[in-house]
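There are structures below to look over.
Next, two complexes with chain A in common: one pairs it with chain B, the other with chain C.
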Partner chain A sequence: MAAVASLNTVVGTLFILMTFLLMVSRQIQSVLRAFVGQSLLLVLSTLLLALLHHSAQLAIVALITVAAKVIVIPGVLTRTLGQELRARREIESVVNVPVSLLLMLGATVLAFFLAAPLLGPHAAEAQVNLALGLAALLIGVYTLVIRREAVAQVLSLMAIDNGVFFAGVAITTSSAIVEAAAGLEGVMVVLVVAILTRTIAQNLGSTQVSSLQQLGEEVPR
Partner chain B sequence: MIQGLALNAAQVAFVVAAAPLFRGVLNRFEERLQGRLGPSIWQPYFDLIKLLQKDEVVSEESTWIFRFAPFMYFVAPLLVTMLIPALTDFPLFWAFMGDMVAAGFILGLGGFFLALAAIDGGNPYGPMGTSRTRMVSSLVEPIFMIVFFSVSFAANSTIPYVVQAHWTTSAAALVSPTHVLIVAAFVMIILAETGRIPVDNPSGHFELAMIDEAKTLEFSGRSAALVKWGSHSKLMVLSLVLVNVLVTPWGLASSPGAGAVALGALLVSIKLLVFIAVVAGIETSLAKLRLFRIENFLGLAFVVAVLAMVVQPFHL
Partner chain C sequence: MILWAIPAAPLAAAAIGLAVKNVVGAKVSTLLAALAAFALSLAAASDVTRHVGGVLLPGWIGVNALAAVMLVLQSFVGLTAAAYSWGYIPHIAAESPARQRQYFANLNLFQASLFVVPLLLQPVLTWVAIELTTVLSIFLVSFSNSREALEAAWKYAVITIMGATVAAFGIFLLLWGLTRSHVATQTWSALIRTAPHMPAGAVELAFVLILVGFGAKVGLVPMHTWLPDAHSQAPTPVCALLSGVEVSTVLYVILRLWPVFMAVRGFSPESWALVVGLVSVGTAAFLLLQVHDYKRLFAFSTVEHMGILLLCLGLGPLGALACVYQLMTHGLTKSLAFYGSGSVLVATGTRTIADVRGLLRSAPVAAAALLVGALAIAGAPPFAVFLSELTIFRAAAAAQDYVVLALLLVFLGIAFLGILRRTGGMLFGQPSHPPARLPRAMTATMAVGIIPVLVLGVYLPLPLYHLLGMAARSLR
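And now, the complex of A and B:
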């Protein structure tokens, strides 16, 4: 069991690294890849915790996550926004990469300090999941703020979701219904936002949010 | 004591003799991966022999530093070899003279003299390469330090032999997140410090894009051979630290007999070969970064190293 817990920590650190990668990737395609990787690591951690707690519900949660975040959401995005996803331009962001990395490194350390007193010394594996999930949430929010690109913002929204669930699966073992609802909701959110973004892309020729700053009487064609 | 000195000499001889081969095999691997034939694996030796036979031209404007630096650069990795477990897993004569930080300092000293010599030579590309190398090094330095901190937290020491013994005795510690992250950060540091692809293109011949090579343009003849050989040895020594201390601490000679040491050398060569395959894979799949993107790459390495330290208490 100690080996499983240790492996879970490895998965957790890879999860947070993937979140960092999602934050610093410069092309939409690699953001999507980082998101899929992050979701897969979330699934792996959920399965390990299911093994650790002998919980069938957690295994179901893992299945739902695979279906929603690894298959459906990337599929929806590729189908509605294929052109934009493959765009080879660089994503604009407000803050440059080294500063973002340092800030979010600070946020990660902060998350460990915040999570430590919440759970006490007994649940070490839950503690690392809670801290890293919290860190992923903070990084997701930060990425959402600094990115000037609609698709990347959708993906960081989903990364926040992943962070919440990464923390959630460690705290309770009976969250299958919640995750089912959230997984479905995530898919719906992505579908709606993807269609909106597609409309923006068709009208403006790109999904860069920075070009939405001016108000205009009529939409430029 | 005689035996200790003999083993030390064997370690240094192994590095000196095999370093050009190591570079040659790496180049050949990469060329093959990219669908080209590539030069022979013995090509670095031919280059060195050719350079050693040539006359040396030294600028009249340069000082003694220019002539002295190649020797310093050549010797620095060999001094580090005496501090690390290159072939044997029991501490040798000089093992407790210095730890990993000292090894970093010695390598840094060689780099410092080469940088001085590059400025001394008066070639306009020299100072440019020097300032770029210093930029990369100053970003690598904190990562090195944090990797050492994480290692010393895990193994209670920064002496390479003790660290190696720690990882061999506890196989479970090898899959701990700290260890995985330390290895990842160290690979990134090696790529940056030895001028490999995401940071610098070792086979590029365009002076304006050079980082590491630009410093050596002014050297000729014997000095050029020593500098080339020194950089081969540096790559090999850093790889030895990685494979022998961090990733796979097994397979080293544990008794001082000649047979055991020869077997150790064979196993170490196999481990280095596997590492060469990994590096060739990384270099083939990545493109060289633009100069001001290097800080992003090293920033990520810094994140990896700090995470290694942060998650330390959570996998007991």
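And now, the complex of A and C:
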């Protein structure tokens, strides 16, 4: 069992590295690939925890995650936003990559500081997942703020979701119905936001969110 | 049991509206479903006050007094929004019956998702329902597909979905507390029972994540930036639902969890509520002064009122009553204010305050509606918000929070002057626009919408007082 727990730590490390990659990639295709990788690592960690706790519920959660995050969500994105995904342009971002990486590293350390006192004498696998899930959440929110491209923002949203569930599977499980509802809801979010993105691309000619600055309190033109 | 029928009514109306393939069918089914949902909500609320019913499926579906208050508010504003849409939507989408049907179907789905939130007994499922309210209202916000509407919808989607995801982390932390205490049921009541035994650190982190996360969707400063955009660009009946009901529906989740946070030893969520609430009220009051768009004016007033509601939670037992009371009066009044502003939009075709003059002469009904809405939401007597705000002042005095009371009075005074100065200028002078008549459905809706605002401005009926009292006790 100790081997499973340490394997989970390795998966956790890969998960946060994949999150870094997702957040600094400059091409939309590679962001999408990193998101699928991150989701797969989430599934792997869930399966390891299922093995560790002999939990059938966690195995079901892993299945739902594969269906929603690895198969359906990338499929929905490719179908609704095919052109935008293949576009070979760089994602605009307000902060450059080295500074961002440094800040993300800081966020990871902060997450460990926040998570450590919560655990007390509890098992080590929860510690890794809780801290790294929190780190992925902080990194995701940061990236969402600095990115100026709609498709990249959608994927950041989903990466935050992965972070939340990475922590969630280690600390609690809900009934299969609840988990399925959450998975279905994730798919609906992506579908609706992807359609909105396509409408923006069609009506405004671009998915650069930086061009969306009409509203405010300035004196109307 | 009637609970399941409340969200089922708008769902059925959405299906019928899509099946019959004509606009009148969609309108009629929407209005009938809204009427049915209102009647059912009143029945459910009356059951709750008599301590019968309440739970439909133990551990899954049921209502307490607070949830009943939400249902009544949601269904009343839903009813007026459906009636207002009858006249308003043909006006803004006259060229395309298909788009009008699409609107009514979407409106019904959004309404159903709102109803589901207070019906669920498990926080995780409630979270899913909150996400659904966002997902199902995005295309209502972007309905006009103009550049501004798309921008508003995008900000709305990204910021509120991100917020809800952050809040989900907090909810998981609370469930962790249940798991550690070996409690298998994950309901509100299980959380409240177990809260004193949960590790304080986890609950505190959960509180911050939930306050920030759902606070973004409630529109608390500094996560409010999307709110004035979305709540001003959507079609007017949707603005009424978003501002009057949706934000309070999200706040409902925080209210439902409030006893959990209060139960943690050595932690004072009340001081957080006071600080975050005051910051929101103050910021919104000053932002109100520089608005150039009258729909944004009322949207900023929503930010202000959400701050007031949060602040009430820090003012002791009377504050809890004031919070539930204000939640009710704000929803009723804000929807009326938006209907008034929508009438001005129909009469003039512009949202810009400076472009509108002499409304009293060119469109007297719209002018009267705007004036009543502005006075009522600013808190002037004899309207409902005046009495509920009086309760807040009493609560602050009872809790001996005189600094809070003084600041609140100053901010509310600024907001009052801001709202009246902005709208006052539109009413008088030489008319800027030719005389206009409003669709009859809109006038009728406003006549109905003003009834509770006036009645609750004079007195609080006893059954409602009981219901609000029960809801307030559930917050402690």
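Here is the rule we go by: the second predicted complex is superposed on the first by the 207 of 221 C-alpha atoms of A that agree within 3 Å, B and C clash if a C-alpha of one lies under 4 Å from a C-alpha of the other, contacts with A are read in each partner's own complex, and residues count from 1 in each chain.
The rule we apply is simple: a residue touches a chain if its C-beta (ideal position, glycine included) is under 8 Å from a C-beta of that chain, and two chains touch if they have at least 3 such contacts.
Predicted, not measured: the structure shown is a model, and the values here were computed from it.
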| item | value |
| --- | --- |
| Partner chain in contact with A:34 - chain B first, chain C second, else both or neither | neither |
| Partner chain(s) touched by A:108 [first = chain B, second = chain C, both, neither] | first |
| First, second, both or neither for A:77, with chain B first and chain C second | neither |
| Of chain C and chain B, partner touching more chain A residues | C |
| Touched partner set for A:167, first chain B, second chain C, both or neither | second |
| Touching partner for A:97 - first (chain B), second (chain C), both, neither | first |
| Partner chain(s) touched by A:204 [first = chain B, second = chain C, both, neither] | second |
| First, second, both or neither for A:193, with chain B first and chain C second | second |
| Touching partner for A:61 - first (chain B), second (chain C), both, neither | neither |
| Which superposed partner A:12 touches (first chain B, second chain C, both, neither) | first |
| Sites on chain B touched by chain A in the complex | 172, 175-177, 180-181, 295-296, 299-300, 302-304, 306-307, 310-311, 314-316 |
| Chain A-facing residues of chain C, complex | 122, 124-125, 127-128, 131-132, 134-135, 138-139, 142, 145, 147-148, 150-155, 157-158, 161-162, 165-166, 168-169, 172-173, 175-176, 178-180, 186, 199, 201-202, 205, 228-229, 233, 287, 290-293, 296, 352 |
| Chain A residues within the chain C interface of the complex | 114, 117-118, 120, 122, 133-134, 137, 141, 144, 150, 153, 157, 160-161, 163-164, 167-168, 171-174, 178, 181-182, 185, 188-189, 192-193, 195-196, 199-200, 203-204, 209, 212-215, 217-220 |
| Parts of chain A lying in touch with chain B, wherever the complex brings them together | 2-3, 5-7, 9-10, 12-13, 16-17, 20-21, 24, 97-98, 101-102, 104-105, 108-109, 112, 124, 127-128, 131 |
